[in-house]
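Here come two complexes built around subunit A, the first alongside subunit B, the second alongside subunit C.
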Partner chain A sequence: MAEEILAPLAGKVVSVNIAVGDAVEEDDEALVIEAMKMETPIYIPCNGTVKEVRVKQGAEVEEDDVLAVIE
Partner chain B sequence: MQTLIALFKTSGVFYLTPGMLIMWVIALVLIYLAIAKDYEPLLLLPIGFGILLVNLPLTGLMTPGEGLIWRFYHYGIQWEVIPPLIFLGLGALTDFGPLLANPRLIFLGAGAQGGVYLTFFVAYAMGFDLKEAATIGIIGGADGPTTIFLATKLAPHMLGSCAVAAYSYMALVPIIQPPIMKLLTTRSERVIHMQKGRKVKPLEKIVFPIIGAIVIILLVPASAPLVAMFMLGNLFREAKVVERLTHASQNELLNIITIFLGLPVGATMNAESFLQPKVIFVFFLGLLAFMFSTATGILLAKLMNLFSRNKINPLLGAAGVSAVPMAARVVHKVAAEADKKNYLLMYAMGPNVAGVIGTAVAAGIFLTLLG
Partner chain C sequence: MRPYFEKMADFGRELKKGALKRTEENLAQLKAVEAEVAQAVENVKNAGFPTEKINARGQMTVWQRLDYLVEPGTWCPLHTLFNPLDNEEGTTNVVDGLGKISGKWAVIVGFDNKVMAGAWLAGQSENILRITDLAKRLNLPLVWLVNCSGAKLPEQEKFYANRRGAGTPFFRHAELEQMGIPVLAGIYGTNPAGGGYQGVSPTILFAHKNCNIAVGGAGIVSGMAPKGGFDTEMAETLIEKAKHFKAKPPGSVKIHYDQTGFFRYVYEEEQGVLDGLKEFMADMPAYHPKFFRVAEPKAPRFPVEDLYRLLPLDPKKVYDFEEVLARLVDGSEHLEFRPDYGPEVYTGLCKIDGFLLGCIGNRQGYLGKGYPEYADYPGIGGKLYRQGLIKMNEFVTLCGRDRIPIVWLQDTSGIDVGDVAEKAELLGLGQSLIYSIQQTDVPMMLIVLRKGSAAAHYVMGGPTANRHNAFSLGTAASEIYVMHGETAAVATYARRLVKEKEAGRPLASVIEKMNQLAQDYYDKSRPLFCAKTGMLDEIVPISDLRGYLVAFAGAVYQNPRSICPQHHMLLPRIIKG
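Entry: the complex of A and B
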């Protein structure tokens, strides 16, 4: 059961706090996106292990882009 | 030696009044707020400096027909050139995507203008005449150029105070709005997650400013100077074939025009016209206007929820107060306090940009009825 973390808004990835293989819990901060001059933290949707991280710091993302996959 | 004494006698020092010194303090406070606190510095810094300059004696800077800053004021503001040009830039900066993805949120942009009309009535009841009351009311639209545009036409003697009130309260939106937002919503309302909006096709974003211009200008022709320029700027942006014009509108033009907006507006605030009891009421009513607008936006969202199954998070109503994108950010933050996984920012941009049009329309309505 893999769950994708989708970008809820378009912006620039300011920081990525997870790496492939990390054990994570729901509501951990996964990464931070900057939009409208405001930093929005994006949270892990479920407990699990990080399977993929598809963006890195500085990446521009669109709404609904897959940021990471949690298993 | 005689020449030196004669020269000294022409200095403005002897003509300083206590009123001027008070205005110096106000000017320095605004400059401080702009620089140290980052309060709307693009406007409050030149406004502050303009206030200082006009309260230095004998400069002739605002002498009608001759003064340097009078010329900026006359040709830029009295001729109603600069506020519409700012709107050209703002239109070029605005993305209507979030609004088009959730079209019903346009009503929240309209609802938040309720504060404008409420304040108009309160101001009138307090003794201001109709034109002054309208100018004070429009502060609640949280839109600087529209406030300046309307004040110039209806109540030029209040231009300075209304502009300073508008920009100051815009900067204070993160302080003004949250208490009202929490007062008028329940926790369960605040955690409402918005459903994904519809997909917006690029063609829609091109058609929107054209149809918007036609419809709005047909209905409220007096709003044309602002609305036409706004829609043109937006069309530049969405057409994607005039990137040079779009870029200039968003950057060089907007930046240059902003310089010539703030300075003359501040320079209208000489001691005699500003240090009146009326002005305190302007600031009080301006704050009320922002508060009312926040409230009417939220209340309209709650009203809409009575009639729809797909609930709107009522906090989005507060984003109808068109301090772009500040109010949208505030909505996002307050919602995140209740549920950190509720990402309302892009939804909030919908009413936020709709509110800009709403305020311009309100100004057009006032102009039609009172101008």
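Entry: the complex of A and C
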């Protein structure tokens, strides 16, 4: 079963800490989005493997964009 | 009201493995800053003569006196690094804090007899003003360890006169006494002139056998009449006179115990003076804690050391405020006020050592879709918006009505700005909060967890904006400034950049100035700078924060000036609905 990680707000991706194929655990930090001068970390929602990473460092994202998919 | 308070709602959760892993560096960084602060504190303790030299004279140092006087585990030092005029001695020359003596909380202050025999130095009266204000705000006895050789004469212009000058403690003592707050003084050593008034102005004087207090000391008596200059003959005369007065300084126990009776008690041993203070403190009127406790004291359910992982040193990183609070309050329990309104601010009732306190703090991070409701941009915690300001106004007003003391936990970058924010009345609501706080007349304390910035630092219980702030603490992550340094550089130089560009001149020198200003803001907002200048009353190791909360709660409930019976409180009922 796949779970999508969505951007909670619009902003710039300042770090991507996962890559396709990585084994990840719930609560690991997946990405960080910067908006309004603050960095918002996005955490892995469940244990699994990274199936897709759809953004790169420096990308501008909109609210609800899919950032990554965990399987 | 037992069902409201005995067991409140649990909050907080254990840190997970992922969080433990990714916060190792933050923990190390915070500990490194704390080590720097600890070194600065150690330097203050080692200022002046070594302890051995003072002990060889048959005297205890002020630190040894405090150790003997204060109950172990209760000492909460304040103003340790306060040195606003950068004295070469590295101190204002008084040591102070909150502590328990014979089971009662007191504000305690003593002259550092290792440094110029406890002389008045620049900045000292500002330090003492904070202490007399603290005794006034908390309605606590003030206990002095007087040992004051008078003024550091070559620098008298820095502190002798003026509205907040070195003589003001004498009328402030009178003011405390007129409010019914006793000032006890243990007196040691030679205390001429300012030292004499420092000795005589308290309520009850406990003298060591070798002490003296006097209008003027031996040095003044021998050089009394100015003659337009000095020559060798006069110097020889002075030597003879000084020798005589050195042997017999005025105002000894023989005068002020035997003749005037100013000294209520005289003690053979230094420790006897402290025993006398302890005996009087044991008899000091104070409510038993059970009178005001709403529940049995409990430790938080999570380790305080977690705070080093939960509170990011990096000001751009967000965190969960409730997780921080859950590591500080009894049982990690609370009654949250209006959880569905003003999401950028936490307001709730918590217990510290079994006493009820109102807690207010800034939530961090994205505040969710559609907030603030008046704007088309996203709300980010740390900023204050309309609902948060209204919620704080309501909460402090109700705390005032229920006589519940308040703890503010700040990490704020400011109040939302722009015409949209003005239309939403944020300017007026900020000032309303200042008004609301002022009318509560309940004691408050502030912890600047990380950022204290712009008007939000004022309106969220900051010491600049109300009379009820008893003291303000900082952590290794604290930074205080009117705005971020880079924002200030933009505000200062943006137009200049435009002019230079239009004139076809190179921008390098302006850019350099912008970087310098940003760096200057950084340097002048760090914890050590905040402590030195008095923006904060003490930088406290994060693991010690709960100890200060316990001291504050015990102190404010020891002798409150007004009381709301627990079963007459409205706030818990409003929360319950």
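By definition in this document, the second predicted complex is superposed on the first by the 71 of 71 C-alpha atoms of A that agree within 3 Å, B and C clash if a C-alpha of one lies under 4 Å from a C-alpha of the other, contacts with A are read in each partner's own complex, and residues count from 1 in each chain.
Here, a residue touches a chain if its C-beta (ideal position, glycine included) is under 8 Å from a C-beta of that chain, and two chains touch if they have at least 3 such contacts.
All values derive from a computational prediction rather than experimental measurement.
*Asks:* Return fit or clash for subunit B versus subunit C, each positioned on subunit A through the superposition.
*Replies:* When both complexes are placed onto subunit A, subunit B and subunit C end up clashing with one another.
*Asks:* Touch check for A:D28: first (subunit B), second (subunit C), both, or neither?
*Replies:* A:D28: touches subunit C, not subunit B.
*Asks:* Of subunit B and subunit C, which one touches more of subunit A's residues?
*Replies:* With both complexes superposed on chain A, more residues of subunit A are touched by C.
*Asks:* A:E39 contacts which: subunit B (first), subunit C (second), both, neither?
*Replies:* Second partner only, subunit C.
*Asks:* What is the contact status of A:E63 with respect to subunit B (first) and subunit C (second): first, second, both, or neither?
*Replies:* both
*Asks:* Residues of subunit A that sit at the subunit B interface in one complex and at the subunit C interface in the other, please.
*Replies:* 8-10, 27, 35-38, 40-41, 43, 63
*Asks:* Any idea which subunit B residues touch subunit A in the complex?
*Replies:* It is residues 325, 328-329, 332-333, 340-341, 343, 345-346, 349 of subunit B that touch subunit A.
*Asks:* Quick one: which bits of subunit A touch subunit C in the complex? Just the residue numbers, please.
*Replies:* Interface residues on the subunit A side: 8-10, 25-29, 34-41, 43-44, 63.
*Asks:* Report the residues of subunit A in contact with subunit B in the complex, numbered from low to high.
*Replies:* Counting only subunit A, the residues touching subunit B are 8-10, 27, 35-38, 40-43, 45, 63.
*Asks:* Taking the complex as given, what residues does subunit C use to touch subunit A?
*Replies:* Listed in rising order, the residues of subunit C that touch subunit A are 16-19, 21-22, 314, 316-318, 364-366, 369, 377-378, 380, 382-383, 413, 484.
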